[in-house]
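The letters A, B, C, D and E name the chains in turn, as written, and every chain counts its residues from 1.
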Amino acid sequence: MSLIEITEVRKSFGANEVLKGINIDVDPGEVIAIIGKSGSGKSTLLRCINGLELIDNGSISVAGAGLLPDELHLKALRLKVGMIFQQFNLFPHLTAGGNVVLSQMVVRKTPKAEAEAMARKMLERVGLGHKYDAFPDELSGGQQQRVAIARALAMQPIALLCDEITSALDPELVAEVLGVVRELASEGMTLLMVTHEMKFARDVCSRVVFMHQGRVHEIGKPEEVFADPKTPELKQFLGMH
Amino acid sequence: DALADITARGTLRVAVPQDFPPFGSVGTDMAPMGYDIDMANLIAEKLGVKTELVPVTSANRIPYLQTNKVDLVISSLGKNAEREAVIDFSKPYAPFFNGVFAPESVAVAKAEDLSGKTVGVTRGAIEDLELTKIATGDTVIKRYEDNNGTISAFLSGQVEVVATGNVVAAAILAKNPPKRPELKFLIKNSPCYIGLNKNEPALLEKVNAVIASAKSDGSLTSIAQKWLGAGIPADL
Amino acid sequence: MIEFSLWDIVRNLLLAARWTVVLSLVSFMGGALVGTLLLFMRIGRRRVLGLFAKYYVELFQGTPLLMQLFLAFFGLGLVGIDVPAWLAAGVALILWSAAFLTEIWRGCVEAIAKGQWEASSSLGMGYVQQMRYVILPQAMKIAIPPTVGFSVQVIKGTALTSIIGFVELSKAGTVVTNATFQPFMVYGLVALIYFALCWPLSKSSQVLERKLNVAHRNH
Amino acid sequence: MKYMFDYAWLAQYWPVLLKGILVTIQLITVGAAAGIALGIACAWVRSLGPKWLRPAVTAYVELIRNTPFLIQLFFIFFGLPSLGLQMSEFQAANLAMIINLGAYSCEIIRAGIQATPRGQFEAGASLAMTPFETFRHVILVPSLQRIWPALCSQVIIVMLGSSVVSQIAAEDLTFAANFIQSRTFRAFEAYFVSTAIYLVLAILLRQVLIAAGSFIFPRRSGR
Amino acid sequence: MSLIEITEVRKSFGANEVLKGINIDVDPGEVIAIIGKSGSGKSTLLRCINGLELIDNGSISVAGAGLLPDELHLKALRLKVGMIFQQFNLFPHLTAGGNVVLSQMVVRKTPKAEAEAMARKMLERVGLGHKYDAFPDELSGGQQQRVAIARALAMQPIALLCDEITSALDPELVAEVLGVVRELASEGMTLLMVTHEMKFARDVCSRVVFMHQGRVHEIGKPEEVFADPKTPELKQFLGMH
């Protein structure tokens, strides 16, 4: 059974239909790269899966449970699916540790000691055990993004959504974040990531989704998609990079 | 019945001015003093109750009365028909010697001479009401918030003529200012009344009785001597 | 006429300034409480409450404080509710400050980046939790300078309570002037005392603001 | 107790009210225009202008912002004549409003200038404009646009604050209310009516200012 | 005679010496690419030539006139040398046309009609004649940068300084801006440009300056510099790209 089932999903902003019937099934442990031009709807798709945007039509289900727009269902969904953003979105008033501890205590009601132990573990996992007490503005972009990953992981999601998580980073810092993601993938985490890092997509992902004008234009194994694009749009898109 | 309330309460609440010397101003301890305050004490004494003085301004003295926060307004009130429609007035309790004052160089002898001149008064005071009545069309009347505004406007040359009480003018002269106000002519001698709520015949009658007896036993004269430097005219 | 010495004048003004301070404290703290309540109505999800808060702010920011004080004291008296002057002054000033504080704080909440809402949503937090743990702690920090700055307006606003019989600093100034006929000296002193009360607050608001900007630049 | 509201005086005194409204409108129109102009000049001095002028402007701004408007008004009306500067109560009221708004808007506008990206100054300089020309043609309008809502609010605060000018006998709306109540003793009615008029004026003024904003700043730019 | 003579120029920010004695002579019509790592002082050098930074030592002269730090001399200099920035720095409250007209009228006191005619001509030249009335936020990044070029050209400079003028652009838009620059070069405009577009530098420039730690580390014809870098630093730098 698929872990995430996206069926005929449609989403409009006003008159602008941004998603025009998306179908993707993601198996547990899959790592999926979503590529496509700016404005093709990649971010919108991820945001719909996480319930940050409500879909107009179609259905999304995660681990068998459908996505319903009330607070209870949304919360249940978000406990299963973590999300990481381009702009990190760390909480600036909390330390790295505080960022990771907060949602565990508030949402899961984990006792403090336990949440802190988990935070330490997750920060270790992204290589930032020694930055537990640092505030976001004392960290580099790459470190901030790794804290964001640790924060999402601490909620023990069964899948992670990543929206261009390296786009706001200086080139030197991209590698450290991708390293962490690569490790997560190898440990069997289910990942859906919007990315512009074609090399990474090729090396790490099990499937690549090419979006174009709100539709899944091509989908397949990276070796197929990159080596042998079927549509002129994908050809053009890859030629540009 | 207000009178019964006052007796029951044991205090007479009176609205008095604190920015309108000599009727009401403050001493160095900021306690009110003046003609109106003495009058309030006199009435309370005759009623056999204590006084509770409530300092008011011209803007809020009537609302104090109307919302029953005070029993009487002794605040050098002048009377006109519009005002009488809203509150009741006692018999007059104080004379008010209003004059038009200006420096020697300004030639004014009667109301008509004010034509084209700018006259300062204190808004809502008796002299405001009276001057408005007698002034000709092109007299410019500037109405200030309180006596202080009127006096400051005169001293700083914002107005060349003021209409005010003779005692006030005397107070200005006592400060030896560069501009010396001289009495040009008297405005109709218009007395002051005590204000009280409508439909309180018992209280009204009592207050009038107190005023009458104060007139006859000379206590009013001594108050007038003390604050106005003159006795009370016979026609009060 | 009784002669006021300079010391008499200063003493009386300072004594009256106590009222200015007390009224300011009461209205600022009460305003903060009511303002907080209104803020939650304004930014909360209930449309009706939001509209109520919006019109509340419009009403209190759209009419002179002087009139609000008058109506609070005498208006209530008129319908038979006898409120003491201190209560009316307190209530009117509190309601007035609340309107301004609500607006100031709403701006601060709205200044928090959208990403903070989204990140906390995606971690499964509900609206109240987001507010409590993520948005308000940040908004409160940036709200400090304008809030301290507004306290200066509150201090100056208390001057209008003389309409309902308070002899605070400004009124004492007028009353003393009427007894002494020395407007310059008295109003000069009044201005000086106000300045002494307000300037430290203005200054600290500026300093806090500068600190905050520096902190922001580190991001 | 029962109080009978009575608005019969409106029949006789409406010209007084009307005049009061007009004076208030006049005061705020002149006050806003000149006050904002003064604020711009001061903001320029404080952020970009000659260093030697800055302490003077800073002192002015601090002085005005930390003392009550009424006291400022008294000093202008009763104090300046002793320096030989005689003016009518309307002029004094207007001057006080200009000086008051000037100080507040200086700080607001300065914040707008400081939020200008550095590149705008540099682009102006690289086009051979002098610092002042750059300020005048490049920095000013976007800065004003940035802080326009705050400026609108301040203008409204000044309009409502102008109610104290009645104390120097300027015949504004509050003067009208006070005048009417001093004649008729109908204080509640007079204050109710004037409060309602103030509210309407405040709402209208905001609309006018917003409209003026969209006229002066033809578009809202993304920056 | 050289058009721009840069002699022993030194510049420090506090204790940090950013330019450590720069010597470059630029002949009329030359197109010079300045390359180098981040922080090597490229931008600072351009900003010194334009008088946006004052130099501590050495001299810069343009068309025979030395650079002096008073308002009059600076103005004269900037009339000769235009500058274009990475962030476009268009004036957001003015239309494209208004941007180009403004400095002509303010600085040169050109009559309005004449300035507008010039603006139209310059916007035509960068291919944006039809965008005369568009506001900056209605234009793409590439179009904005072209307006910035037109704005500089309208002042009829004898040389243009370009600081990474394509770095803030999406990849699709780089070409349109470089196209305009290429044309300017072919028309004989003297250009000094900091750029990361190596291919462009190779194709269009007459000389390449490689800056390293505040010094001109290598300088020469592009074919020499790129094909046969002399220093290990340049080798490493080129390897990176």
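Note that a residue touches a chain if its C-beta (ideal position, glycine included) is under 8 Å from a C-beta of that chain, and two chains touch if they have at least 3 such contacts.
Fair warning: this is a prediction, and the values are worked out from it, not measured in the lab.
> Following contacts chain by chain, what is the lowest number of steps it takes to reach chain D starting at chain C?
The fewest touching-chain steps linking chain C to chain D number 1.
> Let me check something: if the centre of a chain is the mean of its CA atoms, which chain is farthest from chain C?
E
> As a multiple of 5 degrees, what angle does the CA superposition of chain A onto its copy chain E give?
A turn of 175 degrees brings the C-alpha atoms of chain A onto chain E.
> Take the average of all CA coordinates in chain A, do the same for chain C, and state the distance between these two points in whole angstrom.
Whole-Å distance between the two chain centres: 46.
> Determine the centre-to-centre distance between chain A and chain E, using the mean Cα coordinates as centres, and give it in whole Å.
Going by mean C-alpha positions, chain A sits 40 Å from chain E.
> Based only on mean CA positions, could you tell me how far chain A sits from chain B in angstrom?
82
> Between chain B and chain C, what is the gap in Å from one C-alpha centre to the other?
Each chain reduced to its C-alpha mean, chain B and chain C end up 37 Å apart.
> So which bits of chain C are touching at least two other chains?
In chain C, residues 70, 74, 78, 183 touch at least two other chains, as defined above.
> Multi-chain contacts in chain A: which residues touch at least two other chains?
Not one residue of chain A touches more than one other chain, so the list is empty.
> Mark out which residues of chain D touch at least two other chains, giving numbers and ranges.
Those would be 1, 3, 74, 78-79, 187-188.
> Chain E touches which residues of chain D in the complex?
For this pair, the touching residues of chain D are 117, 119-120, 122-130, 133, 137-138, 141-142, 145, 217-219, 221-223.
> Where on chain C does chain D make contact in their complex?
So the residues of chain C in touch with chain D come to 58-59, 61-68, 70-71, 74-75, 78, 80, 152, 156, 159, 170, 173, 183-184, 187, 190-191, 194-195, 198-199, 202.
> In the complex formed with chain C, which residues of chain D make contact?
Listed in rising order, the residues of chain D that touch chain C are 1, 3, 62-63, 65-71, 74-75, 78-79, 153, 156-157, 160-161, 163-164, 174, 187-188, 191-192, 194-195, 198-199, 202-203.
> For the complex, which residues does chain C have touching chain B?
1-2, 4-5, 8, 12, 15-16, 70, 74, 77-78, 82, 162-165, 167, 172, 174-179, 181, 183
> Of all residues in chain B, which touch chain C in the complex?
Chain B reaches chain C through residues 18-21, 25-28, 30, 33, 54-57, 59-60, 63-64, 66-69, 146-148, 151-152, 171-172, 174-175.
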